[in-house]
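Some notes on the structure that comes next.
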Amino acid sequence: MWVDLSEDELRAYRSSQTDPADFDAFWADTLAESRRHDLAVSVTPIAVGLTTVEVFDVVFAGFDGQPIRAWLRVPARRDERLPAVVEFVGYGGGRGHPMENLLWSSAGFAHLVMDTRGQGSGWSTGDTPDPAGTGPAFPGVMTRGIESRETYYYRRVFVDAVRAIEAVRTVDVVDAERVALYGNSQGGGIAIAAAALDGHVSAVVPRVPFLCDFRRAPVITDRPPYREIAQYLKAHRHSVERVHETLQYFDCVNFARRASAPAWFSTALMDGTCPPSTVFGAYNAYAGPKQITVWPYNEHEGGGIEDDAIALEALRGVFDRAERH
Amino acid sequence: MWVDLSEDELRAYRSSQTDPADFDAFWADTLAESRRHDLAVSVTPIAVGLTTVEVFDVVFAGFDGQPIRAWLRVPARRDERLPAVVEFVGYGGGRGHPMENLLWSSAGFAHLVMDTRGQGSGWSTGDTPDPAGTGPAFPGVMTRGIESRETYYYRRVFVDAVRAIEAVRTVDVVDAERVALYGNSQGGGIAIAAAALDGHVSAVVPRVPFLCDFRRAPVITDRPPYREIAQYLKAHRHSVERVHETLQYFDCVNFARRASAPAWFSTALMDGTCPPSTVFGAYNAYAGPKQITVWPYNEHEGGGIEDDAIALEALRGVFDRAERH
Amino acid sequence: MWVDLSEDELRAYRSSQTDPADFDAFWADTLAESRRHDLAVSVTPIAVGLTTVEVFDVVFAGFDGQPIRAWLRVPARRDERLPAVVEFVGYGGGRGHPMENLLWSSAGFAHLVMDTRGQGSGWSTGDTPDPAGTGPAFPGVMTRGIESRETYYYRRVFVDAVRAIEAVRTVDVVDAERVALYGNSQGGGIAIAAAALDGHVSAVVPRVPFLCDFRRAPVITDRPPYREIAQYLKAHRHSVERVHETLQYFDCVNFARRASAPAWFSTALMDGTCPPSTVFGAYNAYAGPKQITVWPYNEHEGGGIEDDAIALEALRGVFDRAERH
Amino acid sequence: MWVDLSEDELRAYRSSQTDPADFDAFWADTLAESRRHDLAVSVTPIAVGLTTVEVFDVVFAGFDGQPIRAWLRVPARRDERLPAVVEFVGYGGGRGHPMENLLWSSAGFAHLVMDTRGQGSGWSTGDTPDPAGTGPAFPGVMTRGIESRETYYYRRVFVDAVRAIEAVRTVDVVDAERVALYGNSQGGGIAIAAAALDGHVSAVVPRVPFLCDFRRAPVITDRPPYREIAQYLKAHRHSVERVHETLQYFDCVNFARRASAPAWFSTALMDGTCPPSTVFGAYNAYAGPKQITVWPYNEHEGGGIEDDAIALEALRGVFDRAERH
Amino acid sequence: MWVDLSEDELRAYRSSQTDPADFDAFWADTLAESRRHDLAVSVTPIAVGLTTVEVFDVVFAGFDGQPIRAWLRVPARRDERLPAVVEFVGYGGGRGHPMENLLWSSAGFAHLVMDTRGQGSGWSTGDTPDPAGTGPAFPGVMTRGIESRETYYYRRVFVDAVRAIEAVRTVDVVDAERVALYGNSQGGGIAIAAAALDGHVSAVVPRVPFLCDFRRAPVITDRPPYREIAQYLKAHRHSVERVHETLQYFDCVNFARRASAPAWFSTALMDGTCPPSTVFGAYNAYAGPKQITVWPYNEHEGGGIEDDAIALEALRGVFDRAERH
Amino acid sequence: MWVDLSEDELRAYRSSQTDPADFDAFWADTLAESRRHDLAVSVTPIAVGLTTVEVFDVVFAGFDGQPIRAWLRVPARRDERLPAVVEFVGYGGGRGHPMENLLWSSAGFAHLVMDTRGQGSGWSTGDTPDPAGTGPAFPGVMTRGIESRETYYYRRVFVDAVRAIEAVRTVDVVDAERVALYGNSQGGGIAIAAAALDGHVSAVVPRVPFLCDFRRAPVITDRPPYREIAQYLKAHRHSVERVHETLQYFDCVNFARRASAPAWFSTALMDGTCPPSTVFGAYNAYAGPKQITVWPYNEHEGGGIEDDAIALEALRGVFDRAERH
């Protein structure tokens, strides 16, 4: 069943999330701090038994110079520098197995899949620790360090993501001018944030994105991971405002207001995990060129492989136009 | 939690499924009937936007000459005839989207994914109807036509599977001497049956196979799809013996007794969908060379991509040895 | 809890279902085709151990001449031709056991309970196969053949229902001028359709009817069987419009617009299976004389035996008036 | 899935329930007390709109002379005194609507359905209060007054049941020598108890009976109503032995040891509500002639209408033999 | 997620519950009848092993003179008469263990916790029977005797509560002029009713109160205990109006209209058990001075210990001001 | 229902957990490292509005000198040094609100409740961060740092617990010779570990203890928190042995083998969270004097307040005997 506003209402909906005056300063400082560390990209070929695709184990310096792992996959046969797709992954997963996730490289792109620190023990595995501790938190990462913007978990992740873009641009087979961001759910939210923070990506593809409209999301759905925030505030009754002060620095609604790359969003009207109004909260605020696919009978899987087909065509168009310049 | 016998008990377990005297005759007649129809293989290239892999829309004559669809994926670059992996899919799914499922072709094999007739509206889509009707049945395909071996749904599917093997052997890029069967869950069960019925495949990889040990499965688990049988018998109280008479012609325990290809099984001790004793019922009866991976903390996902890594290494070994002959 | 609109809103609600121009032509053609087959009614007495009621096993030619079974129950003692109640049954059930369902015959009516083809393996049993196959479908019958109006499952069922009315009129103990239709849930939907298609029944009693307002139902409830449609479209994302084009030929809202017999509907405000607005979608469109009982604290059981008590009194009134003419 | 012992183990199983020395004295005293009150049977015809069956509203003096209601249904046409079936109903229900439950009267028997005091607000309705209060109790009737055998709820119900048999024997259309007891679940338990206490019934039909093997039942199933006992003891940790001292006076295992009428039990191997070992606990202890139908794929519905068909044939045989004497 | 109206709507919401003309007369008569019995307070010290708090087992005559038990806890060291907090407990619980619930006495108050008759077998235990029987009722106490205001369960409980206040005033260590009422959920509802009926208490603290707005509550939530009413009416379809006629004499909305003591309510926006609009139904109607704490991220636990901290400060203020007079 | 072995089997059960050769060396080193930091106990009175109990906010140096918070509650009136109860709390909770949990201080003991680092956002709140990061982990703390014994979360917690004992001994109102440990579930496990590591406590009260028998627990129950381990291993299939190598240094079975203080265990036969065999795994291995209370009808609440009553009597006995020495 439809879980949220009607499609007309969705298109008219505007998020109530506010834009803190020092949002940009906070992020400029945050990035500057981490950029003091050398990016330290290492790219190591690994044998996985494939013949059409080569896989590399990538490490680069993320937040505070901490090592972040990724897989880079490229077509075995390639003549020129390749456009790149940087992928961020959904909640609980990691970069997975080197043998998985062959679409983007089989389509002729360089494909970097970044681990999400401390995650990677759910639907896919990860290899990257999160060296930071946390105050009292509800299980999951949503409330780790949430009592201040400095310690909040996603501060570290968003910096990792920006550094991943910077890292992929340094790889010799990659055309640094043609980098797109792609992600599903949490990965979609990270993609929006990273696009805004980096400022130079060619395109961004947030599929059923998470991390949007934090004032609204946890009060209109009972499902994790948004529910983790509600669970935390259920216990920490006096932290409501402090938590929301933190979250406004991480809400993709606020990043969307700062983005300029062309974007291909998707959302689903039966998605109780990332309800469509929270996605439209970000989409309607998005400052760059944009399109959104609305799947009327889907849940959090959204368009699934159909979203990929749309994205593949869109990215090929973007990259081809970019190349011709 | 572990849902079944201990691993020691599993290794000692023998299925109580009986082997009807005319099992082989029934299947010989069934195949002979369908083989009267021309195989009528058509292989049409389709554009899916990939560069390293080519995809073909395949149609061939399955049970009673009815058209069955499949995707054939092959590496774009290839010098010689390729060994082939024929994949059968899990319950409720279909051959899916041409852009999905790129592992086997990226590994350098020809990869045929057969639609399961009348399914393909669940976790992936299909394009093949099942023209046969049914008596009163419980929702799902498990009890369609179950009151006789002639009309039972899987009679048609197993013939389709044998014909898929025959079809892939006719494709020009394929080395007809090197064909392996692969499948997950229902696909694993179909693979066992087809391996036994075909008699000439190079290897079979049944991962967490379904369709095994029909006397036991529906009374030790409450989960679909085995539960569909119990639900049918709950309503049709007088059909218990008739249904089990039908099922003994379709039980992979009986096919396993007739198989000769080397096999790589897997099973998981927390798998409540295809409980490990039912898998061991088939595995312990399997007449060919065999190995089984037991995943102690997994559910019906079994080894997931790790099972694929094992299979890839195993199949490469089998195919390489076959080639040297 | 109340699951839908308030009662005031329900009474004002109008379905958005549209009425295809060739709706009547489609059904006229469909019925004409099946009527080419002889009705071939057979009525066989069976011994069930009752003394006040006699039971007959009835077979007649339904869609495309295919045999459909029913039970006919009549009071053992009868002096004249009896008015008849034709009953269609709820989703998943069948005509059941000859010994069940004695109300209408104990009230002095002839009572015919029609099997629903291919169903009858759930809450009651059936004996009638559905010889037609299907394209890829979600488990259950809701999406069998749904990609075209010609192949859709309910095309066959609605013809069976019309033929059942015609069949009961041929039985010697029945007064052909006094036939009412009765059904619960799916049976209620079939009753509305059959009343409209037949055009001559004395009354129709749709209790908490299903098969109404197909644009709305699958997006306001998560419960099967409406959910089967949503599940199908979740997989077959490109079939949304095609499926709805099919469904408009089967929506009881459109049949209600064509009905003329007096009708006694019921609905329940806590019914999440057939939400009350979908029932009111049909009720408010119903073109004949009509009444509706609204049960405020009931779920899909609606008024249960109380609905029967209302129906019994209503039908006795209708039949008595009809007899006096 | 099967929820309990294997069928072989079930047949060998013996309940650990003990037989208190003063069991018979307790019940003799209890019955004697209530029999001091006049039975005060009133039988009032009511109009329900049926033609083959007549329905009477019956009231009689149950426990402590308190009025208990029942429906009596008899065939409208009858020539001689009829054998009678006294039915006790399942947990939560009541005698229901006069128009329901027509099988036994349609088969030519007098059929008395007794209300269960204080119940009758669940799957069917009742009209009989329970004037007795209760100590602290868990919701439901299982623990009302459970701290002593004098105050326990079922003391009153079992007396009501014995008095119902006595009442039906006084009705003029009934042949007092031919009275059988019938019941499903709770009704089956009451039937066993009443058969033992009355001592003169012609037969007893306990279908999937409840109220058996109280030491075992609440520790092998989590489902209500047995769970109510476990829930009570969860709160009242010091009452474990006192509660079991009470229950041994009400356990059908102990009544079964005292029964002499021929009995037709049924049980289902997937019944998690009244697990089969508890039924076999009573069945194996049953002192009279006995048969049991074991349904391998059924849950608490047991044999459903098939159990009725078996019972009807069995009772007709018993009654016919009794008549010939 | 938020389960009800927005906070703005909640503050504007007015219950539709009506105020029967003889409400006051009914309760005046009811109290007068029970007050004919001597209050018969007994206060017995018991040894529980605490050193800072003394515990007494209290019995007094409640409804119709029936004995009601309570614990009285007082600080071991005390110089003068103490203000008292009378606590009523939540649904299913009882006065509990003497060793539990030490807050109010540790804060220097006399603390009386009244048993709720017939309950006390759930989350805490009780020791007080309910000697009254019941008509057919749904499991739980919500529908016991609900067919008339005379027999309804809460008539007895509300009288018990008024008598508890009168009883605590007689205890020698208590300052009879300073008695406050406190309760959570059901206890909060009882507190509102008792405050209105007694008319002289110093303050009332209804936390997430139950028993409010009976027309609305069972149709906006599916959770017990409100659901018990809906379940009863689901079976007893003809009792809808009679039940609501009874309930209007017990609805805390109507008691709130008659209350004068200062009140500290609380409610939670995610509370599906006692939805916030039903609490605001009572709060907005409350005639005395009032405050309400709204917890945005809490469920039925409301403010938990934070509500206690607020209450402790409030009561200390009330009692201090009262003492100074 | 009973979820595990029978009580006889439980008493005979011996855990298969092995005892690593360097277990004692590992813990000696670990403690020595942390003891290099000054204990730095601070004890600050706070005003919470109670009159019989005083509450202090305590901070001390835990693992690696990191600050750990606790509440210390003592009777307001006290003449001599008090015996102390150190409490560790259950999974997900924290030291809670200063106003809660008054039993032990009201009984005349000093009562220290230690925060569990990084937890305290569930059923009660905490105030202590965990400064350590983690590798990829499943939500919750069970798998934080689990890939090595050095980084495992409970290494830090167990050291905190030992230091809490040392801290309470330094408080002036406490009799350092009389310190007992108490805990429920996770708190019970921590108590066993801390008792073994400290070596000098007067008694230990592990109620339904968690953290026992790590080989068995996650394969016999599906419930969190043991399930977190299974979920981690489901994703990290190659870590099974490494994880179990870590866990053997933290299994309370191994600590129990080293304990000498008299112990009062409890367990419940319906406890699916900490199944009784895992508790008996530790209990049967426990090297000191011991008793266990087995609650037959309880779940994870175990004996609840009844366990406290037993513990209070036991501790008073232990402390009195200790004082007399």
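Here the chain labels run A, B, C, D, E and F in written order, and each chain numbers its own residues starting at 1.
Rule of thumb we're sticking to: contacts are C-beta pairs under 8 Å (C-beta built on N, C-alpha and C of every residue); 3 or more make two chains touch, one makes a residue touch a chain.
Note that this is a predicted model, so its numbers are computed, not measured.
Counting hops only between chains that touch, chain C reaches chain F in a minimum of 2. Using the contact threshold fixed earlier, the set of chains in contact with both chain B and chain F is A, D. For B-D, the equivalent interface among the listed pairs B-F, D-E or E-F is B-F, as over half of the contact pairs agree by residue number.
In this assembly, the C-alpha centroid of chain D lies 51 Å from the C-alpha centroid of chain F. If each chain is reduced to the centroid of its CA atoms, chain A and chain B end up 37 Å from each other. Between chain A and chain F, the centres computed from C-alpha atoms are 39 Å apart.
Counting partner chains per residue, chain F shows two or more touched chains at residues 306.
Interchain contacts (touch definition given at top) occur between A-B, A-C, A-E, A-F, B-C, B-D, B-F, C-D, C-E, D-E, D-F, E-F. The touching residues of chain E, when paired with chain A in their complex, are 1-2, 269-270, 295-299, 301, 303-304, 306.
Residues of chain A touching chain E in their complex: 218-222, 230, 233-234, 237-238, 240. Here chain F touches chain E in the complex through residues 49-53, 75-77, 96-97, 99-100, 102-103, 105-108, 305-306, 308-309, 312-313, 316, going by the rule given at the top.
Contact residues of chain C toward chain B in the complex are 92, 94, 118-141, 143, 231-232, 235-236.
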